[in-house]
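In what comes next, chain A is part of two complexes: it sits with chain B in the first one and with chain C in the second one.
Moving on to the complex of A and B:
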């Protein structure tokens, strides 16, 4: 293997275009004769749609097309489950759910037109607390797709003998931790240009993390063959997981295909916040036991991830949280239960570290509290339990190489002794 | 309304709406797509341009307000054959990631270097405080401005 580049600085291939202002993000491309698209989004978190009246919107001069659920051939998309609608037909499950889309001669007209779409909502009580939503008597948010329970996913991990573990524990720390919802806030709001090319293919230019998936979902929703759809990835202005789901791709594609006109769409920052996934807020219930020598002997953890209104990547994210629940520490007796729960909150999906970030708050805080209870330094507490070659994780994986944690902590010891380590 | 704008040392006669933002005129009427819109409310700095050498958010300026002022966008800063030292240092030091904040960053830095060719690290951070980078590349951005300042001084 050629390792010559390791440790050297390589100039980005796309760097010059970016510093000169030449790079094309999707908002920067246009087609002659393009129309402008805008989306009406629900202001309610949970509602039944009685009717959608588009007459006033369609009558506005300059409006070329108004689209609702009935115009979508196969009205579903999603990375793991197709439980999200392109345009909502009956059931609104979160603020920001798309209801109707307009194509018009200018952005101004398109935005005026969506304000004229009349939606008759029957507002329903929302489920905003995942632990409430888990209860057996909570109303099911996706009965057709996900069954009678809002628990979308549960991963139990069991290792060793909990009874034996607690018997050995000289000190036990039990705490509850909560992490907050986060938005990626990538700097470039979603934008798209969709058109039918000279070969009769639907072309969708978009900033995406997942072009081949977008292509499949566009083709599925529109009832086209894969070979009729081309997704061209433009420069991506930050993503951090937030561009792994469908945003405007299908709506723009639907309008371009139906009207045979180029469609340009750009989210405002507000629309961007309302429409893409979030980092899972998690509740982490941790009970950790250690001997007086500072060796971890038992962990019982319950992790509840708020999936929000749609599944997106929730099972995978919550699975990763479970797998990382012990942190980089050897614990012989482990009971972990990790859940993804549907609610009426904005849907959660991929975001940097994909579920591995949230448990850090819990397991590292537990280590600090155990160290304090045992009169050990936080560093020593970690060194006595840290993974090394030969360690077995909670999921039974034997670590055979490249386990640099102890070495890394030892390298930090002089620094910690000066200011990092309060004790 | 009819207006005249001077952008990147070129004069343009334009017909614009009275409520049209300078950002939209630059992007849509003049095709200067290097100026980006990230928030539309003056928070992110992606639409930064220079107005008489001062960094401004072009989303907060009406096109009509720019009449009689000297405007510069990223397209006027340099080109492939003659890049500005800032453009060179941003590429060489890896201060570019997704690139969406980059034009605004470079223009804010240029406004600083044009009035203070030897800024301290604090002065650089203050001058760039109106420009957000969500890839969190701030450290390299500050270093790139320092490197460019050294080159400008030479």
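Moving on to the complex of A and C:
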């Protein structure tokens, strides 16, 4: 390690711009002659749209364009499956689903206009509990795209011999855990500026985690070539996974491309909450066994993640939960089942630590419960089970290098010397 | 009464897209006539500091200062697709792509310089502090800018495009077996909390966070990632929750969806563990997401250590803690509780 620059504390290249307020976020950029866009979102969690009447909205002075599903050339987007519509045509699956968009001379007019869009809904019963939604007789929420079951994804992990594991276990702890739905709560609500440039290309300026993905989805929805669409990332005011799925990019791009006018859009905080993905709430059923020497010998876990109304990254998130369900510990016998279930709740997607964030509540609580039952310290319980180089995970993967778990615990040992007031 | 407790949380995190999905990052590099350089990559810096890391990697390889490197990102007209800013993948994967691209351009530069210096091998050439020269022969060196400028007059340009793909295999759909991620990040945190037994309110006093990052390309940014992650972890453990009623969000505002403020964020002590990852740039692997994994567990275990109640449903709100304390008193009796809590 004799590098000159790597390993040093150089200043962030974006530091001064942010400190001095010179950095441009998408809400800060404008274009002469721009129009403001606003979106009408569903207040219902599950409904059939009988009709959408935009006449009163279009008649409002200052309104330049009103858009519904029929104006979108290819009305679909999504990170794994294109199961979300840019503007919903028939079936509302969650509160916040976009139904119509307006471009107007001012933001005030645009927001007044969307209030004048008349939607005739046939309200349907919703599925809000994933364990209800996964029952075989539950009505399917996406029969065309995801088949007759609301179980979007299931990963079983099987390793070793469960019966042998339970036989060896001197102590077994069985408990149910629940984690909640979270919002990313980034400080900068979604904003976008879209316009057609002097070359006739569509330019979309936005804060995103993945400009090239956005370009592909915009091009697909509008029927353009990648080479006709430029996505330029402005400064990003927090993301945490909440800027992976498309938000306003396609709607703004559609209106700018159709009207040949710059379109500016900015979510209110409430619209931001209603429109982007959420962290999966999970139910985790854990049964863990250890010998009297404190060695883990068996884990049976069932994990149910609420995917909400659309797939987004759900299969990958619950897969990650399954793969990480043991914690950083060697357990020779495991039976893990992880499920993503569609409901009419806000859709779940990527959020920092992506499916590995939820099981830690279960596996680390179990470790402390086992330690207490065995009369070991929490530290000792972990030291007897952690991964080292050469350890094999629940998926049968051998860890071949860079396993710093023991060093991390060693570094924390001095801070674990005291005991709390409950002991 | 205020009770204190200590809790331990460990965590691990497989970085990269995983499960056999091709995790590809790409970068373009151009070494300019004045000896500065441009790195171009689709990787968006969402605040985690990736662009600064790429500048450090390029500067290191070229013997330059980080400010000699311009990093252009996140523009589909000018940068190559480098995957999403997620999965804790940019320092490792895009860092590897930047490193490969810089080395590709550098290799031709070194070949050219070896010829110019009448050195028999490019391995005898070094780039250091803005100079290029023969190792151990101070009579044969010149400013990098001069070398690159002269090279142009000979029709030589030092530009490159490279990609890097992380290793991963899909897990079997019947039994989950496979090698889905590489590398894995590890971390552990200790939480010190104070629980008010009258209000149920938990104050996290201190978090000590030890994380294995392979190699810290920029220790200040490692500390920044950990600080942000701990703040998010405290919010996850204690206060944040999207409240739903039949699919309707009841609290779509920061007045009712509570996130940590400066008063809620504990004192954070960072311990950087460097267990080299041989496939990473300079031994580095990612930290962004794994940094928040242990926090909630450390806090929940510390609450138990403080007042003897185990919270199994997040967030650990004052209401839940008070209810658990009442339940505990009912189960163990007045004396039992006192014995458990006061002794």
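Simple rule for what comes next: the second predicted complex is superposed on the first by the 411 of 423 C-alpha atoms of A that agree within 3 Å, B and C clash if a C-alpha of one lies under 4 Å from a C-alpha of the other, contacts with A are read in each partner's own complex, and residues count from 1 in each chain.
Just so it is clear, a contact is a pair of C-beta atoms (placed from the backbone, for glycine too) under 8 Å apart; a residue touches a chain by one contact, two chains touch by 3 or more.
Note that the coordinates shown come from a computational prediction; the quantities given were computed from them, not determined experimentally.
**Q** Once chain A of both complexes is superposed, is A:157 in touch with chain B (first), chain C (second), both, or neither?
**A** So A:157 only meets chain C here.
**Q** Answer with first, second, both or neither: which of chain B and chain C does A:22 touch in the superposed model?
**A** Only chain B; A:22 stays clear of chain C.
**Q** Identify the partner contact of A:189: answer first if only chain B is touched, second if only chain C is, both if each is, neither if none is.
**A** The first partner, chain B, only.
**Q** Figure out whether A:238 sits in contact with chain B (first) or chain C (second), or with both, or with neither.
**A** In the superposed model, A:238 contacts both chain B and chain C.
**Q** Between chain B (first) and chain C (second), which does A:336 come into contact with in this model arrangement: first, second, both, or neither?
**A** second
**Q** May I ask you to decide whether A:269 touches chain B, chain C, both, or neither, giving the answer as first, second, both or neither?
**A** both
**Q** In the overlay, work out which of chain B or chain C sits against more residues of chain A.
**A** C
**Q** For A:12, using the defined touch cut-off, is the partner it touches chain B, chain C, both, or neither? Pick first, second, both or neither.
**A** A:12 contacts both chain B and chain C.
**Q** Contact-wise, after the overlay, does A:123 reach chain B, chain C, both or neither (first, second, both, neither)?
**A** Touch status of A:123: no partner.
**Q** Identify the overlap between the chain B-contacting and the chain C-contacting residues of chain A.
**A** On chain A, the residues that contact chain B in one structure and chain C in the other are 9, 11-12, 14, 185, 236-240, 269.
**Q** What does chain B use to touch chain A in their complex?
**A** Touching chain A from chain B are residues 27, 32-41, 44, 46, 73-75, 77-80, 83, 86-87, 90-94, 96-103, 106, 132-135.
**Q** For chain C, which residues are in contact with chain A within the complex?
**A** Of all residues in chain C, those touching chain A are 3-14, 18-19, 42, 44-47, 49, 51-52, 55-57, 59-60, 63, 65-66, 71, 73-77, 79, 81-87, 129, 171, 173-181, 183-184, 186-190, 208, 210-212, 214-221, 229, 232, 235-236, 240-242, 244, 246-249, 252-254, 257, 259, 271, 273-280, 282-283, 285, 288-290, 292-294, 296-298, 300-302, 304-308, 310, 312-315, 340-342.
**Q** Which residues of chain A touch chain B once you look at their complex with the stated criterion?
**A** Answer in residue numbers: 9, 11-12, 14-25, 27-28, 184-189, 235-240, 266, 268-269.
**Q** Contact residues on chain A for chain C in the complex?
**A** 1, 3-14, 43, 45-46, 94-95, 126, 128, 155-159, 175-183, 185, 208-213, 215, 226, 229-233, 236-241, 243-244, 269-270, 273-274, 278, 316, 319-320, 322-324, 327-328, 336, 343-346, 350, 352-354, 356-357, 360-361, 364-365, 367-369, 378-379, 382, 386-387, 394-399, 401-405, 407-409, 411-412, 415-416, 418-423
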